[in-house]
Amino acid sequence: MLIMIALIFGVALVTPWLSGLLKEKAGWVLALLPLSSFIYLVSWIPEIATGGTVTQSTVWVSMDYFEVNLAFYLDGLSLMFGLIITGIGTFIVLYGNGYLHDNIYLPRFHCTNLLFMGSMLGVVLADNLISIFVFWELTSFTSYLLIGFNHEQEASRKAALQALLVTGIGGLALLAGMILMGFATGHWEVSTLLNEGDIVRNHLHYLPILLLVLGGAFTKSAQFPFHFWLPSAMAAPTPVSAYLHSATMVKAGVYILARLHPVLGSTEPWLILVGGFGLVTLLMSAWLSISFTDMKQILAYSTVMSLGTMMMLIGLGTGLAMQALVVYIFTHAMYKGALFMVAGAIDHEAGTRDVLKLGGLWSLMPISAVTAIIAALSMAGIPPLYGFIAKELLYESALEVAGWPVLFISVAVIANMAIVAASAIVVIRPFFGKQVKTPHKAHEAPFSMWIGSAVLAVLSMIFGIWPFLVDKNLMVPAASGVWGAPMNFYLSLWHGINLPLILSVVTLAGGILVYWHWDYLRDSIPMRVYQTGFAKFPVKVYENLVNGMLGLAGWQTRVLQNGLISNYLVTILIAALIGIGYTFVSRSGVILNPDFTEIYFYEWALVIAIFTSLGIILAFGHSRLTMVIGAGVVGFNLALIYLIHGAADLAMTQVMVETLTVILVVLVLIHVPQLQATRNLISQSRDAFVAVASGLLMTLLIYTATSTPLDMFISEFYAEASYPLAHGRNIVNVILVDFRALDTMGEVVVMSVAGIAVYALIKMTRTGSAKNRSEKINSGKPGSAKKKSATSGSTPKGKAL
Amino acid sequence: MNGLLILPIALPLLTATLALIFRNYSSIQRWIGVAGMVAILMSVAALFRDVYVDGIQVLQLGNWEAPFGITLVGDMLSMLMLGISAIMGLIIAVYSIYDIDKEREQFGYYPLLHILLMGVNGSFLTGDIFNMYVWFEVLLVASFILLALGNSKNQLQGALKYVIINLFSSLIFLFGVAMLYSITGSLNMADLALRLPEVENVGLVTTVAMIFLIAFGIKAAIFPLFFWLPASYHTPPVAISAIFGGLLTKVGVYALIRTFTLLFTQDVGYTHTILLWIAGFTMVTGVLGAASHYEFRKILSFHIVSQIGYMIMGLAFNTKLGLMGAIFYVLHNILAKSNLFLISGIAQRLTGTFELKQMGGLYKHYPFLAVLFLISAFALAGFPPLSGFWAKLSLVKAGLSIEAYVITAVAILVGLLTLFSMTKIWMSAFWGPVPEKGVPDHFGKMPLFGPGNLYIMVLPVMAIAGLIILIGLVAQPLLEVCLIAAEQLLNPSVYIEAVLGAQ
Amino acid sequence: MFEIIAGICLILGGFFMFVAAVGILRLPDILMRMHASTKAGTLGIGLILLAVAFTYAEIGIVSRAVATIIFVLMTAPVAAHTIGRAAYYHGIKFWKGTIVDDLKSYYERSRKAGLSSGNHPDPH
Amino acid sequence: MKIFLFNIILAMIWMAVTATFSFGNLLIGMIIGYFVLLVVGSTIDQSGYTRKVWKAAILIIFFLKELFVSSVRVAKDVLRPGFRMESGVVAIPLDVTSDFEIMLLANMISLTPGTLSLEVSEDRKELFIHAMYIDEGVDHVRESIKNGLEQYIMEVTR
Amino acid sequence: MEALLPVIAGSIFAAGVYLLLKKGLITTIIGIMLISNSVNLALFSLGRVTRENPPLVANGELIPATPFANPLPQALILTAIVIGFGLLAFVLALAYRSYKELGTVDQDTLLKDPEDTSKAIVNVTNDNRGKINR
Amino acid sequence: MNFFSIAIIVVYVFLSLSLLISLVRMIIGPTPPDRVVALDLIAFVVMGYIATYSISSGHPVYLDVAIALALIAFFGTVAFARYIFLRASQRREDQHV
């Protein structure tokens, strides 16, 4: 199976070139791919039918934290889904080839479409939880590309993003849920999890797991309140809608729940949540569907309704419900796919999908008409079609619900009335009645476009008449796959007169009644309100959420990233003050034990000098020269302090560097004028506060750190090793050039790069004269800076004397 | 003792000098630049082999045994960082051949690039905290000038903020080093790791940890300290912002990981909780900032911030899995992020702007570029089966495994928002219709490969995209080495023993 | 013997330093102050360096001290000159005791002659 | 000038003889060499080297004296309350011409009593100095400088 | 004296920070100058360099006369000072340059975060665009 | 307490006083040149300090620092003077054109 999927992916990636090769025929060739995999899956039927399951596993990542295997698990359920995907996929490839034959993006369609097919197969076949998620995300991704296929239009882009975000967040929830499940059981293979349901159900995290998984499933399968993305996704070209949004992808949620039903299912919360949401969805969307006139919208909502039905059935969790479920999935895939294809064909040939603008096409497009009729009948659940069996089963299982069967059955019946009406609408309106003028002159669709729907429709009739064709070897294993234990049943068209049959009749009658008054009903106020409330409102909510997020983002950015460097610095400083200061005070506490004895008077003089010049610097903010002079004085006095403490080289360097810096600053001052503007009082006092606080913090930190004696073992080693081993008398120099030579090397690099930097800054210039260039170039490196400033300084003298 | 350890520092210096000599012969200079990168890559590969085979490698410079001399230490983390930086260096060097103009080349672009790499490698390799300060300064000064090189208004505006704030941060760093020295009397990190636990005043050590958190935090652009990054990273030529966005901030992250696993493990309950909070805020603010902008590179810059949050989160978990996730995330993020920057460069060459609102039609005319973008963007958003997925997976797993549900939820949601702003770029620049006016006349006509030599820019992008996919599909080896690195980090005694010899 | 001389030199040097300081504090206008700082300052530092030379009567130190003294003697007046000129150019308030200012008239003349521009490199 | 080199060579020889190479020893060598030249000078010496050196020595001594005196005077004035001097900027006509001479003069003026050189006229004819004590009148200041420093300098340089 | 060093360092730091936050670019740079001075002094005082013999090995000795001043911090500060000087020189050049380009040194008005940067890049890379068009 | 050590103390007294006094001049200004002069003198005083300390501490090494200061302070002063000069002439030109 891995090979199969890999093959699909591989071919998908080369599709653009391939279809470049064989132009129109591309579709026909590519269709062989899903067809072959369909046949491959069919070849498994005998084994599966006898209750066997197949597991194939390839190690992907295997370490003590990850057990991610590309494991595949084929049982009835996944087989059925696989067949649906590949089977319908085959037709879709053909259909798409015809539908988009004049579209320049056709190769890209084929590519993404195949990619999607592969990932969808992966979802249903994968065994390992993580790999399921991998394929799950891939479907979201590919569907994003497919929905946005007509990317020139704003609408389809929006829809694509909508689908991606909604399903994406669901997918992430699913991931979390799966990981939790894995932690709970310690197993990552579904096939093993299936036997560990009790552990999960009794686990502390059961509810979170359930909620997260449901989040994934509901978003993917467009359950209320996430149903809104599916109708908007109809912006996609019809083949996509037919494939993703009716037959396959939207069923992924159903699949995952069906798959995990043995693990998570048949508990109180499960019944309430899954069943309940399913019920709501099916009721709501059924009636929404007939509030639209666009065929695709109608079909979309009816799809949502079917999904709701499936969810409800899963929720019920009875054996009968399982049978109903699998049958329903199967038949729905067939008739809904067919109907979508027909709708697309009509749209393609007649130029519109609005049932009000269509009529009497049956003479023009006979084949489509017949197909549509059969499919619609199946959708309406009318014998002898397969849909009928499904509906019967649905009613039966609804009837036998423990608790309140009345609720379930009534809801089911009411909803199905609407569906009957809907199916009537999508067939009668376009094909019968008097012909109306359509944008294009309508004619029968090409072979590639009707073959798929025709086959599907015919199949649903055949299976309806002879259900045993499929039930033994497909339905039963599938149902038992969901049920988690082998079960046995057979389907038949006719059970004699019983309650479900009566209900069907009622439904049919009601449906026809509804159809009769459709035009009136559609425009009636309650319907409008209903539509706004359930179709438009969720979209609004979604949009408001996104916009709200954007608004918040904008606000936050305006506040934080406001371009004022002083604000940035203040923020940083305050953060540092809080972070460091709080930790310091709360964790360590201030330790003060300095002794101010033995400070000679001349040292006091130095201290006073430093403070005075600091005062000068702060006081003379308006005269930069004074500030620089003050800074120079501070530097000189620091040098003296170093000197007094026996750091000769240090003092030397300090003097040199300080003076050079001052000179450089002055050189810049010459060219850069004084800035007059100053800050207002508030920000000044804010700055003052921050400054004083940080200075205080530094002082206290130093006092506390120096309160304990320092272990000078390294310096002692240096002292002993300096002359005997390193042959240097000046220990500081020895440290610089020998013990810590790498530092010095870095230092040199920094200096030279700074030289290059200054050079580039000044030389790469379109303004500024050559003279100040030469000055600034050299000011990068200390030595030359000295020389230069000397000459620059002595220029007037040279002239003067 | 492994002499190879000096090569990643020495080779760039050598290349830089050579390139400086030939700075007026741009073609020679280019090839020197590329060749130097290849040499570095090879030396790193050799080193990697040694570390992988026989554990942590150590070089005592000048044969002064630790802690008296300066020690170069190569453990798995350093090796991974070195490797990725070498790869990025090579990619950028090739990309620059087309992207960097003559004038910049003449003013020492390639030498500076190599000096930058030298600083980065030095800080990855050094085992001495003060030496790390020196290397930080080296890479800082190189980055300063690379940022300002060209003297356009925007560059200078960005550079001033970047320079001032980073100068301040390195001064804080220096003060932190001084504090460390004064409470332990040592500078060698392994020796510090031995001595710090013996300090009576644990609170003081925690305070020092905070100082380092601030200092490195500014460099790594974490939550309240990141402002300089979105203000500057989108101003220089694309090649430069690519290597900045990819590599530089990660140096800060590396320093954080190193110090907070090796040195400051006394009061984990306190420090790492703070880290966790910071991580959360960083993720959210960054991604929101990205959501609110419509300039290609500004969006990417904000995303850098938000993804730093993920790495910090992994560090804050302080579990094997978390650290592994963090390291893997760093590697993957460097690739994806730089690649997006490079793509933005190509897009700008084609459409003539970085403003999303004025871009469009790239998907129509340059599908291959679109594919490359999709790969990088969805890797960034953590989509399977790309490299980002494994990072996200391991981080989420790590979070859930220690029941840190809130932060994990935040991380997941931020991932979704990342996806959102990536699609924002995609939908306007690629899917969007071609704008009526303001499109250069060569748009749509100039092929990616062929006349126009655009392929020099495309090939590196392809290479990285290939790496991303490769890592995604064959994640096992990289995950394993990341795990080894995490194990080494969580068990400092190995490191200490390798440096100081058996105690 | 040397000790005594050194001591005397020290005291004198310190004293002249002090004089210089008081001078720049007390004297009425900047040029006068510069008289004080230049002369007394130079002498003071010279004497102190001399004292160093006498204290360590080693040839190396003596030569260094002497070299420094010579250097100071060479630079101090130049510095004074530049500052003085700059100060004058910057415009100074002469104190009441100032009776003559030839330079002023000279500048007037030279500006009329348009020479001043050549004399003063124009800043940017 | 070559005679000066000769002096240096002598000093070198001295250093070689005493086998101690240091700045101080070089100085001593120079002095000894100078005296040697002073003795045998007149025979090989045309450029009046020895005389000039002698004058230079005198100049230096004179200068040092002036410096000391001026400092003392400044000290007096500074420490005495109130100021009784009169000051001003005085122009001094120059006889010396070469840059070197002018610089020497200016510097020395700056270091000698109550005078501080400010500016030199474009045509090198005038030197403007700030004088502290022109109580006896401007001319006296001019005289003292022309007869004092300038004389000595010219003796050395001419 | 040692007891006073922390106070001095702290106050210089405070002054530096205050200047750092001011409007004018040059003022900010002077602030950085002061801050780096103060940090060096802090390192000095944290290194317990006390009033003792300089760390020199006298002629004929093998080890310096004890007690000698702690040499290691001195070496570190030396490195730090020089590096700081290099960076400061660069910053000064940068300030000069940005004044020439942007025409002011008022950080609040000239240093807004730049928005669209493509124009600059395009201008700078004219030669390459020529290559593209041909 | 011989004459020499007294002399040293006296010198320190003188130097400290001069330092503070020149600071006063630096504060009261009033013009930049005054401050520059003060700085110049302070540099001298610091040199004096260093020289004296190299005597009192008995380590002649420190003399080198004094020399360095002598060499370099000069340039600083000149730079300041140049700045003042240029600014002044700038102002004058503004006035006279």
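Every chain is named by a letter (A, B, C, D, E and F) in the order it is written, and numbering of its residues begins at 1.
By our rule, contacts are C-beta pairs under 8 Å (C-beta built on N, C-alpha and C of every residue); 3 or more make two chains touch, one makes a residue touch a chain.
Quantities reported herein were computed from a predicted structural model and do not represent experimental measurements.
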Worksheet item: Using C-alpha centroids, which chain lies at the maximum separation from subunit B?
Response: D
Fill in: Pair exhibiting more inter-chain C-beta contacts, B-E or A-B
A-B
Worksheet, complete the sentence: Relative to subunit C, largest Cα-centroid distance belongs to chain A
Discussion item. Can you work out the whole-Å distance between the CA centroids of subunit E and subunit F?
Written reply: 24
Discussion item. As a quick test, compute the distance in whole Å between the mean CA positions of subunit C and subunit F.
Written reply: 11
Worksheet entry | Length of the line joining the C-alpha centres of subunit A and subunit D, rounded to whole Å | 87
Item to complete: Return the distance between the CA-based centres of subunit B and subunit D, expressed in whole Å.
Response: 66
Fill in: subunit F, residues touching no fewer than two other chains
12-13, 15, 19, 32, 36, 38, 59, 61, 64, 78, 80-82, 84-87
Worksheet entry | Shared interface positions of subunit D, touching two or more other chains | 106, 119
Item to complete: Can you tell me which residues of subunit A touch two or more of the remaining chains?
Response: 561, 563, 565, 569, 600, 644, 646, 648, 660, 667, 669-671, 698, 702, 705-706, 710, 712, 714, 718, 740, 743, 746-747, 750, 753-754, 757, 761, 765, 768, 793-796, 800-801
Worksheet entry | subunit B-facing residues of subunit A, complex | 16, 60-63, 65-66, 108, 130, 133-134, 137-138, 141, 144, 148, 151-152, 157, 160-161, 164-165, 168-169, 172-173, 175-176, 179-180, 183, 549-550, 552-554, 556-557, 560-561, 563, 565, 568-569, 571-572, 575-576, 579-580, 583-584, 586-589, 591, 698, 701-702, 704-706, 708, 710-714, 717-718, 721, 738-743, 746-747, 749-750, 753-754, 756-757, 759-761, 763-765
Worksheet item: Which positions of subunit C touch subunit F when the two form their complex?
Response: 3-4, 6-8, 10-11, 13-15, 17-18, 20-22, 24-25, 30, 33-34, 37, 41-42, 44-45, 48-49, 51-52, 55-56, 58, 61, 64-65, 67-68, 71-72, 75, 78-79, 82-83, 85-87, 89-92, 111, 120-123
Worksheet entry | Complex contacts: residues of subunit C adjacent to subunit D | 15-16, 19, 22-23, 26-28, 31-32, 34-36, 38-40, 42-43, 59-60, 62-63, 67, 73-74, 76-78, 80-81, 84-85, 88, 94-95, 97-104, 106, 110, 115, 118-119
Worksheet item: Tell me, which parts of subunit B touch subunit E in their complex?
Response: 98-99, 101-104, 130, 133-134, 137, 140-141, 144-145, 148, 150-161, 163-164, 167-168, 171, 174-175, 177-179, 181-182, 230-231, 234-235, 237-238, 295, 297-298, 348-349, 352-355, 440-442, 446, 451-454
Discussion item. Could you list, by residue number, the parts of subunit F that touch subunit E in their complex?
Written reply: 59, 61
